[in-house]
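Have a look at the structure below, then the notes.
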Amino acid sequence: MKMMFSAAALLLAAALPWDNAQAETVNRNATLNIAYGNRPGTLDPYLTTNNATSDVDRNIFEELFTLNDKFEPVPELVASYTLSDDRKTYTFVLRDGIHFHDGQRLTADDVVASMNRWLAVSTQGKANLPGAQFTKIDDKTVQLTLPAPSLITLNVLADVKNIAAIMPERLIDEANSTKKPVTELVGTGPYKLAEFKQGEYLHLTRNDNYVSRKEPASGLSGEKKADVKDIWFRYITDESTRLAGAMTGEYDIVFNLPKDNIEALSNLPDLSLTRPESGGSLITYLFNKQQGPFANVKLRQAFNLALDVHQTLLAGYSDPRFFVEDPSLGFPEQVDWYSEAGKPYWNQHNLEEARKLVKESGYNGQEVVIIATKEYAELYNLAIVAQQVLKQIGVKSRLDVYDWPTVLQRRQDPKNFDLCALEFSMRQVLHQYPFLDSRARFPGLSNSPEIDTVLDGIKQAHSLKDAKGLVDKLNVLTWQYLPVIVLGRTTPEPVAIKKNVHGYHDLIGPVLWNVTVTQP
Amino acid sequence: MLHNNTRLFFWGGVLVAIVLLSFCSSLFSPYDAYSIDPLSRLKPPDAAHWFGTDNFGRDLFVRVAVAVRVSLSVGAAVALIAGFTGLTVGLLCAWFRPLDLILMRVCDGLFAFPSLLLAIAIVGVLGPNIANVVLALSLVYVPSIARVIRGAAMVVKEKNFIEALRAQGASSGRIIWLHLLPNVISPLIVQVTWVFSVAILTEAALSFLGSGVPAPTPSLGNLLLEGKAVIFTAWWMTFFPGIAIVLLILALNIIGDDLRDGAEPGLKALPVRVMRQLKKGAQRG
Amino acid sequence: MADPLDEPHLLRVNNLQVSFATPKGVVTPVRDVSFHVGRHETLGIIGESGCGKSVTAQALMGLLTPRTSRVDGEIILSGERLDVLSSGTRRRRSGRDIAMIFQDPLSSLNPVFTIGFQIEESLRLHTSLKRQQRREKVISLLEQVGIPEPARCASAYPHELSGGMRQRVMIAIAVSNSPSLLIADEPTTALDATIQAQILDLLDDIKRQSAMGIVIITHDLSVVARLCQRVVVLYAGQVVEETDVVTLFQHPRHPYTRALLAARPSAGREPKSRLDEIRGSVPALDALPQGCAFAGRCSRATTRCLEDSPPLRMLGGATHQVRCWYAENTGSPS
Amino acid sequence: MKWFLFHRLMALLPVLFVVSLVVFCLVHLAPGDPVLVILGNDASPQDIATLRQQMGLDQPLLAQFVRWFGAVISGDLGHSLFLNASVTDLFMQHLAPTMSLALYALAIALTFGLAGGVVSAWQHGRLADRVIRSLATFGMSVPGFLLGLFLIFVFAVRLRWFPVVGYRSTNDDGLLNLWYLTLPAIALGFRIAALISRMTRAVMLDVLQENYINTARAKGVPESLVLLRHTLKNALIPVLTICGESFASLVTGTIVIESVFGIPGIGSLIVDSIERRDFTVIQGVVLLITVCYVLINLLVDVLSYLADPRLSVEGSEN
């Protein structure tokens, strides 16, 4: 995987901080201009697993736990913690001297309010910590009680997409009473929100009162320096525009580079193409399982039967460098979660059988609504492919194109879509993929008691090694029930970074707080 | 004279060639405009794919041909619907005063909208599909046709023979269809030609904005939108649809201009032969 | 450049020929026209419409579009060949040495500029007068051409004035730089009869007050009778008769001239309709006959007239020229 | 003059009425219940009832229109369904880029259109005229967005003379603003330049046939001044009218050009609103632009009325 990008890796090596940082001075007043491909809908971290939200929110908010560069949960706002012998009660002691952006001191009340709301409204909390409860012990101690032991509790608390952000109690109370998303973003992170102009830009500015952990930085954990003063996420939804901006040096960092044109960037003198060391996303077709034609599992299977994974991914992602064809829910480096049990169901490309199955399913000519956005070119391409495949097996379809926030909003309602191409960022545990568990109530609304049971079984196992059989079973069930079709996964996406920007890292999203900008 | 006719024949030929190519593309190319073939995506033009392939490996020649067909059909549909409606409204307005007051106010109101804006709004609200595009564009261009027809019909209406016909007791319908109609045909043709080319341009703009003909149906605007995404690496995806639309519109505009000039003769260019003769000082008589 | 003193005439036109390019081919509305005008002299050029008199005037002024027209022959003003000058140099002579009054005063003034501006522009181009002096000159010019409230008129726009007033303004513009030659192209045609008389009076005044040579182009014999000393009769782009005004009226030699005179309304005689008197019409420029251009309409035309084009011949004194084979044979008009 | 203005303003009333009626119908055109369209299908019955009442949907259509019209007259165009802002605010926020682009494009179009038209009329029938006329015919046939793509490709990507896309506010740096807007303004203005040049040429040729042009020449006015002073001033009035009409194509042109060049103006607002199905914004923006357009045409009428001495005096006489 990595050697394919050897050229980019070389460029990355050339850009590593220690090579030339000495000769240049770090600019503490620097501004980081980021070209970002899609606009967040809500910024409330509890309500979405969307990258556009989490990539911003991780700078503003902190969690009790977060991930290190080995994807292990480690304490962030927690100073120390204990687990009871029955593995059902966690006690967390909070760090001292932490203040919110509004100047209020962080207390146990804030944590209890935040975490209980998160447990109640987030897909992660609902699916993976059902029945859990946070309570206050004293001003700096809180307790989490679980109905049953779970292997994955800390992983879930450290979720990087559906961030369990700690916010002031007053904002949580307000959100709870109005039943609306949090609109005022106040956290404890190294950056605070200065301005959000919907659709245009989001401006973060350094939190000068930030109190960092002292451990060396690792993944999302450890020291956060915030050397850059201002960070601007500029929402450039058109990919050629982003590419052009990268070429002309308008932006310091450009995400979501158009795959077809990426070569255009490889020879530019003041730009490097960086590819994160790990990560990637599952590439899926998400079905609406509750209503519409795909509520019928046979039609889902027929569509799956018809798919030619290689062709589909090639159409979506341009070049085999950018994807891996694989039926597993887990990534290969996640040894305990990786499973090839689903392989027989995957990539069959059997149009004949598929057409037969469509007939068997009793499909009555109803139009399948594919919901798509042009803001993610790859997903849009996948939607076009899906339309073509459906045509081949005699299923009518229509493409509804919206902007990304609207897709996010519309897909909440099962009436609005039948099929949607989606990526899911790599997760530490399979439970964090929201499309599996019916309790997550993720759009598309899975409802497979078998899958739920297996998920619970894994949680309650003593170790992941013991759960190996269940993981295989989970893969098979997923391929039979088809909440989504897993086509494969993306390789970590290249990012274009100016050469005077150093220390960029990625862990399921950009890590910006240890980035420095130097002046020659 | 000859000079002008050459130009008309040339561009008429271009138009006919484009139309023929687009409607008979299947004779020249074995490919289908919709079949995805990712293995041969973004291939530059070669012997197999004359215009190259797009980002789904679809043959661009066939895509452009179908797109021209779609654009022409949209243009023709709009020209016909708007032409017919505009003709009817214009004639009725010219003939019946009370109707004129109401319908012309409506036309004035619709005319006040910038046309692309109104079309975008209508398609945006109704949802993008070909029928809505045709509907929106027709609605947008009816007022201008109706106005011209009304004006031309009013002139005829004031003429004596119409008075005489009325005195003889000819019915309104008879006068309108037998006497007003033939007299407004010439301005109608000029207007309809104009609407035809403008509708094609507007449809392209709508599709380019994603509010026109929905994917995967190719239209010239769609293709250009797709081409824009890969403009740095796959020039052919912008170039060929671009050339197609420019040639098409150029041909329609030039033919339309000549039609209009034919309708109202003005300054004509002097033949080269005469100019040469004048320079030589050739004398006669 | 010739010494002006060697040149007895103010204006000499030798073998003037004007051709135009038209979509149908090249036509030549003025063919081999020669005449001269002396200082203090007023020459009338007379003929039906389409005979080439206005084209002659425009050729003299250099107003013909160079690209679509061709002017051959010599135009000599005060001993200087105008036809060989560059268009820019020639334009600088216009309005200073040679000026023109046009037929239609209603359309000959620019509607978007004030009268004062349009007169002043001519002064600004050809004199070194200061702004204030120019203003004063404008007022005095307007007074000179008989405009009642000159100051008010100067700040008015053309459409605010009547036709007669406008023609006075045109005359003011023409004479503003005291040109040596003034060409008046049908100066009264577009005006009412009473106004016509006033304008003719004005021209008469101006003529008497200055040393200008004047060329008056008209189809109206009464204008000729009133103002001119000598007359050139044009027919189908050619001079058919040239003589002094007295001879013309008393002893016209060319059948065309005689027909013109006969068509003139005069005291005690019912005017005959011109159509009645001169049958047919001027031959089309692209279909000129082989012989005499007038032969088709001439009651006395012979085979010779139809076959050979007659030359312009001296007749009697050195001042009478006629283009007719039978000029000597014609009796006096009765 | 007063009468003229009064007359024109009165004629405007029915137009504006029809315009607002059409705009009102826009949302009601949308398939399905407007409340569901606005709130989305997942709205709670309570929200639906509230909005239905707010919008007065329980009343007859005529009453609804009267009510909506009243609100519009008082400047209330409603709120965006997606963004936390009123339609008027959104419009004002996005106005600056569009206006600077439109004005810049108009300036370019006027400069090149007039120059081209004058040269074309002056060189009538010669090479320069033919070249300019061919360019103009071409300009009328190239969609602005295609020209925009071409300009980006040549001048921004290959030659790197201009930024590829983007927009800088005039508040930051006026010159930078112009620099960013140059390519879009050319792409937008080209068609109008073509239009103006054709119009100017035709009108100039007509004017050059006028007798007063010969008067000027006979006065000795040099040919350059004949063209620029005596001819052009007369030709300007119809050209001014064209400029007014061009505003429509400028405004609608910006919608497309903004999307090519990534300029956050009214066009982007409309396109985004359509992608979001943000009907109140679409409705409001269409109404505002159309009213602007109508008013600008009125302004142009008044200006050409003032520019032509013949008209203003005739008016006063009558």
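So that you can tell them apart, the chains are marked A, B, C and D in the order they are listed, and the count of residues begins at 1 in each.
Everything that follows uses one rule, which is that a residue touches a chain if its C-beta (ideal position, glycine included) is under 8 Å from a C-beta of that chain, and two chains touch if they have at least 3 such contacts.
It should be emphasised that the depicted structure is a prediction, and the values quoted were computed from it without experimental measurement.
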item: Intersection of the contact lists for subunit B and subunit D; value: A, C
item: Chain pair with more C-beta contacts, C-D versus A-B; value: C-D
item: Between subunit B and subunit A, distance of the C-alpha-averaged centres to the nearest whole Å; value: 48
item: Intercentroid distance (Cα basis), subunit D paired with subunit C, Å; value: 52
item: Chain centre separation in whole Å, for subunit C relative to subunit A (CA means); value: 93
item: Distance from the mean Cα position of subunit D to that of subunit A, given in whole angstrom; value: 43
item: Contacts with 2+ other chains: residues of subunit C; value: 68
item: Of all residues in subunit A, the ones touching two or more other chains; value: 238, 244, 401
item: Subunit D, residues touching no fewer than two other chains; value: 125, 152, 157, 259, 275, 277
item: Chains touching one another, given as label pairs in label order; value: A-B, A-D, B-C, B-D, C-D
item: Residues of subunit A defined as touching subunit D within the complex; value: 183, 198-200, 236, 238, 241, 244-245, 247-248, 250, 401-403, 405-406, 409-410, 412-413, 415-416
item: Complex contact set, residues of subunit D against subunit C; value: 124-126, 210-212, 214-223, 230, 233-234, 308-310, 313-314
item: Subunit C - residues contacting subunit B, complex; value: 17, 19-28, 31, 68-70, 72, 285-286, 288
item: Contacting residues of subunit B [partner subunit C, same complex]; value: 1, 268, 270-271, 274-275, 277-279, 281-285
item: Subunit B residues within the subunit D interface of the complex; value: 105-106, 108-110, 112-118, 120-122, 124-127, 201, 204-205, 208-211, 224, 227-228, 231-232, 235, 238, 242, 245-246, 249-250, 253-254, 257, 267, 269-270
